[in-house]
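Following this message is one structure expressed as structure tokens.
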Amino acid sequence: MRPSGRALDEMRSVSIETGFTKHAEGSALIKMGDTHVLCTATIEDRVPPFIKGSGLGWVTAEYGMLPRATNTRMRREAASGKQGGRTVEIQRLIGRSLRAGVDRVALGERQITVDCDVLQADGGTRCASITGGWIALRLAVNKLMKAGDVISDPMVDPVAAISCGIYAGQPVLDLDYPEDSEAGVDGNFIMTGSHQLIEVQMSAEGSVFSRNQMDALVDLAEKGVSELAAAQKAATQ
Amino acid sequence: MRPSGRALDEMRSVSIETGFTKHAEGSALIKMGDTHVLCTATIEDRVPPFIKGSGLGWVTAEYGMLPRATNTRMRREAASGKQGGRTVEIQRLIGRSLRAGVDRVALGERQITVDCDVLQADGGTRCASITGGWIALRLAVNKLMKAGDVISDPMVDPVAAISCGIYAGQPVLDLDYPEDSEAGVDGNFIMTGSHQLIEVQMSAEGSVFSRNQMDALVDLAEKGVSELAAAQKAATQ
Amino acid sequence: MRPSGRALDEMRSVSIETGFTKHAEGSALIKMGDTHVLCTATIEDRVPPFIKGSGLGWVTAEYGMLPRATNTRMRREAASGKQGGRTVEIQRLIGRSLRAGVDRVALGERQITVDCDVLQADGGTRCASITGGWIALRLAVNKLMKAGDVISDPMVDPVAAISCGIYAGQPVLDLDYPEDSEAGVDGNFIMTGSHQLIEVQMSAEGSVFSRNQMDALVDLAEKGVSELAAAQKAATQ
Amino acid sequence: MRPSGRALDEMRSVSIETGFTKHAEGSALIKMGDTHVLCTATIEDRVPPFIKGSGLGWVTAEYGMLPRATNTRMRREAASGKQGGRTVEIQRLIGRSLRAGVDRVALGERQITVDCDVLQADGGTRCASITGGWIALRLAVNKLMKAGDVISDPMVDPVAAISCGIYAGQPVLDLDYPEDSEAGVDGNFIMTGSHQLIEVQMSAEGSVFSRNQMDALVDLAEKGVSELAAAQKAATQ
Amino acid sequence: MRPSGRALDEMRSVSIETGFTKHAEGSALIKMGDTHVLCTATIEDRVPPFIKGSGLGWVTAEYGMLPRATNTRMRREAASGKQGGRTVEIQRLIGRSLRAGVDRVALGERQITVDCDVLQADGGTRCASITGGWIALRLAVNKLMKAGDVISDPMVDPVAAISCGIYAGQPVLDLDYPEDSEAGVDGNFIMTGSHQLIEVQMSAEGSVFSRNQMDALVDLAEKGVSELAAAQKAATQ
Amino acid sequence: MRPSGRALDEMRSVSIETGFTKHAEGSALIKMGDTHVLCTATIEDRVPPFIKGSGLGWVTAEYGMLPRATNTRMRREAASGKQGGRTVEIQRLIGRSLRAGVDRVALGERQITVDCDVLQADGGTRCASITGGWIALRLAVNKLMKAGDVISDPMVDPVAAISCGIYAGQPVLDLDYPEDSEAGVDGNFIMTGSHQLIEVQMSAEGSVFSRNQMDALVDLAEKGVSELAAAQKAATQ
């Protein structure tokens, strides 16, 4: 029934290549099927003004898409002079999600910026960014710990994200672009490895959904996150 | 336990003044306690390029805050040269939510823009904007129907929104600013009058929440939306 | 002869509601007929760089219009990415006018920002902003004096503004929008309560006027300002 | 008493060099003492959208200052990404003033853009721009008439502008920068050659002025405009 | 003598992976040592306004760097609201260079946009962009020819680019970042496979160079371009 | 053969008027035929952040064109909200070129900004800007030396620039606009008075050139620069 032939609760194949770029303190190229996102983590000693002197660390994120990551070329945001609403929304979500898995006292007064750049898109780029961004962050923090700059591990729990939606009337896991563009309801679920919720976003454009459908989507998301957490563990050990 | 002395499931008092401005096709000043939002609906014959010639209508929204709507003055977005990420996120949410309650075929090829401007803020401005924006939209559509420009009512279901969150460890309904700034988990629920879900956003900044807590918040939201739908009905009859 | 049926030297009815918003140190909703402007005054301890350390205070103003304050919806300035020329001109005028009525030594090294936001427009918004802005400023300064932060009253003289113009060949007082859009000559007069001049702007678009006509407009303006000063006094006592 | 040693009613020496640049349809370098403004007029066949098809012409203006036209270097507006409020105000004034002297029916459906660029500033740049801009406009219109594109002369009356102000308690004509920066009251008067008024702007920053003082300034302005009109006539014959 | 241990006339190893992304009509990841650039070519039926209806085609380019492509993180251009001067200069150069190798009549009235995005930088990104961009363009044109949309091959000659400079007093080929940041003279040479020149840029910041040195750099560049043209041929056959 | 009737190696007549404006520390109006550029040099005590405390000086440049410097009016960059790519490229070139002729240690920790504003354009504006900009810089440095603020002359060598190109198949010196717009190859050569090279830019849009042609252009440029250096010397003695 699904265009890809996957089962309703079947995720796309996940591949993670760490150390994809040499300059960043942590980096990973994550592939969720044909969605490919390059995630890098940059450590800086400065923090935003609102926490200066607090002893707390900060994790923030930026998101971008290469112009031809998509089927038709999109205008380059740098050329159009601003980040679109969708971009801003996504990068705020990534930052919030990653912060939920970090003990900012243990991190100490430093900032880590996670850049998520979509090289190729086929649906689910924000979720891939969070899952891959966590890996880049984990690797950067490992470097801090190895250097003795951070003593107690601030990465309290792995953070992963997966989309689910109602496609052709059925709850399905990990929508690809053909599904996403047709789905009546579309949800993004960000959780810890132990299924604690960090962020839930369910949205019906020009449509509605029932509480039962909502519950079915959360069930699927829990299955997906378990698999992603395993992949994250394998990639960072 | 709540700073305002309200019960855990008690909403702030709601007041709705329709016809607050004379130029707009529909307008309402909605007050949720000390949160005051002026909502206006503007009908235009043109539609966005991507639906030109489709026969479908469009509903969109813009959101703004007066600089001193808040406790300390914020920089005017027109002066700083762009709408912030929070503003963009909120106005996209308002537009999506209102579209979910509209039959765009019945509306016909025209656009209605709902402007939600916060005159005074005390938490929950995006939810008040949706609830009040629906009223302005309803009144504008009434005018179209009275004039015979629209025959079959495109307003399929009332749309209302309420925030809930975990405050001091307890699920509470309709957070005001003192609660919102302290809450570990913060959710916005947009529903139809009959509790069909349109959008669910739950977010934990630097924290997590369980599935049980999620369910408790949805329960509260259903109670709140029922009361708001009644107030909407009273104001537009 | 006038569309509204008013006498040539008859102002629209004035209504002033102080304390319209709760956060600002001073606030007033001023209505000149169907022109409604919300004015708020915000006190801050910082001053602009060019007077830092001088001991002098500063009064500045910002002006905005809600998108549907007018008969047809205007584009939101925050969305278009800048304040238009008209907006910039008006807010500079408001700031200059209010500063003329303030003893900046007595005010002390602090800044008061007066925000004038037009909720509904029917001509004369800049004049209503000045007259109402003075009230918000007066109320904010009262608060400073009550708290003992300011000893000697810096509000040396009330400041009010009124428009006059040549409509259908006749000098008329307080143009509303139908008159304003037809007037050959259009003037704004900012004065103290005792008719000392602060700013005079007379402008003929595609037309000219004689010195006699100029004098007739100043006469009308003096009458209008007397009435406005009385209304300001009543509202702030 | 005046820093320059001029009499109270004495204008700076005026020099006008027409044809200063070869590309523009009309051009003039006007010097009012040390204030030097290059004015060019460009004829285009298109008109702004709001008068398309009306048969009416349009005259508009733009104003700029070279970064080192002033005593200390100012930031280039093109580099800072926008025209400042002062620039916008001035160019709107120039456009309005020039339009007042043009019969837009006789001009026919075309646009003339007058660019006024200050090469060196010593006070009174907006007035010099109007006086010199009128010359550039006159020359461009002469070209249209010579070519037979315009039959009846649309330049109904010469337009000139002069500043006056209260300096050291005395009304003075044509303020230079040392006077302007000290003057309590500062006025700009735009008139036709026969003393019909087009625009009057009088402004007291942190001060006030009486109606008698206002009258004295208008008297001085009439004297100045007579001299400027003579210089315009000499330059364009 | 060179930090990398390369001979003076030794280029870094070149690797080209075509088809790196699936959506673009042509794509290649080119690696010049540690400089990695993803190049994609997008075919569109529209052309820029200035050649509409001429029957001629157009080739244009855009250039970007991921924020952490470099040793320290650079601000994202989309976030800072504009493309920097260096970016604009480079993308204009890429476009001009590629157009020199294209017969725009044979291409027909369509536009090909070549996006060059630097995933990792180690000097020479603009040259790698041109060499790799030509490959993406070649592949996209192949697709047009295969589909019969273009009959006669518009790719008249391969285009490649290499940097040379004076490092530690010696002319060297293909500067990497450690050399580039120290070099007194820095040149970029864009040529066809048969050593016809398209663009030469030699620049000495705070220094000068002799005509003999210039000739030595051109000699090196010819050697480098021969090797690059061979690699391009191998990758596109 | 050339539209102007000049010999192939004949430059346009050069005229230099120093002290064209009174405020700048150095200024010159340079005319290369009908190309007229006003160059001013401004001395400031601050330097850019990246050299603060280094004891080194800085020279930078900005470039602009008056809207009607050209045959058809161009949009004012300040009005369009940004400097175009061409402007940015040119002003970076001017700055780099002038810095090559300055001993930044001898200059001391101060910045000189050279503004080059094109009053009238007929090809070769960037070269005229460099040649004239050097004069303004020379005059400003003279002022510093006369005041004893700079002891050892930091102007190590005169810097001049000239364009050459292949026009109608022939190498020609100093292209004017009619030649420039037709030329297949276009080069800019910046040299010291003793023919040391600072910057070479040769560019063929949609065309190529041989190494022999390149050599012929350099020969012409050397001749042109000798003449310009003589004119610079005459103007600054």
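As written, the chains take the letters A, B, C, D, E and F, and residue 1 is the first residue of each chain.
Assume contacts are C-beta pairs under 8 Å (C-beta built on N, C-alpha and C of every residue); 3 or more make two chains touch, one makes a residue touch a chain.
Since the structure is predicted, the reported quantities are computational estimates derived from the model, not experimental observations.
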| item | value |
| --- | --- |
| Other chains in touch with both chain A and chain F | E |
| Over-half contact-pair match to B-C, picked out of the listed pairs C-D, D-F or E-F | D-F |
| Reference chain B; chain at largest CA-centroid distance | F |
| Farthest chain relative to chain E (centres taken as mean CA coordinates) | C |
| Chain A and chain B: spacing of chain centres that average the CA atoms, whole Å | 28 |
| Centroid distance [mean C-alpha coordinates] between chain E and chain D, Å | 51 |
| Chain centre separation (chain B, chain F; CA means) in Å | 59 |
| Multi-partner residues of chain E (at least 2 other chains) | 81-82 |
| Order around the closed ring of chains, commencing at chain A, then chain E | A, E, F, D, C, B |
| Complex contact set, residues of chain F against chain E | 82, 85, 88-89, 92, 96, 99-100, 102, 104, 157, 187, 192, 195-211, 213-214, 218 |
| Touch list for chain A against partner chain E, complex | 21-24, 27, 34, 36, 38, 40, 42, 44, 62, 64, 66-71, 73, 76-79, 81-83, 87, 113, 115, 117, 119-120 |
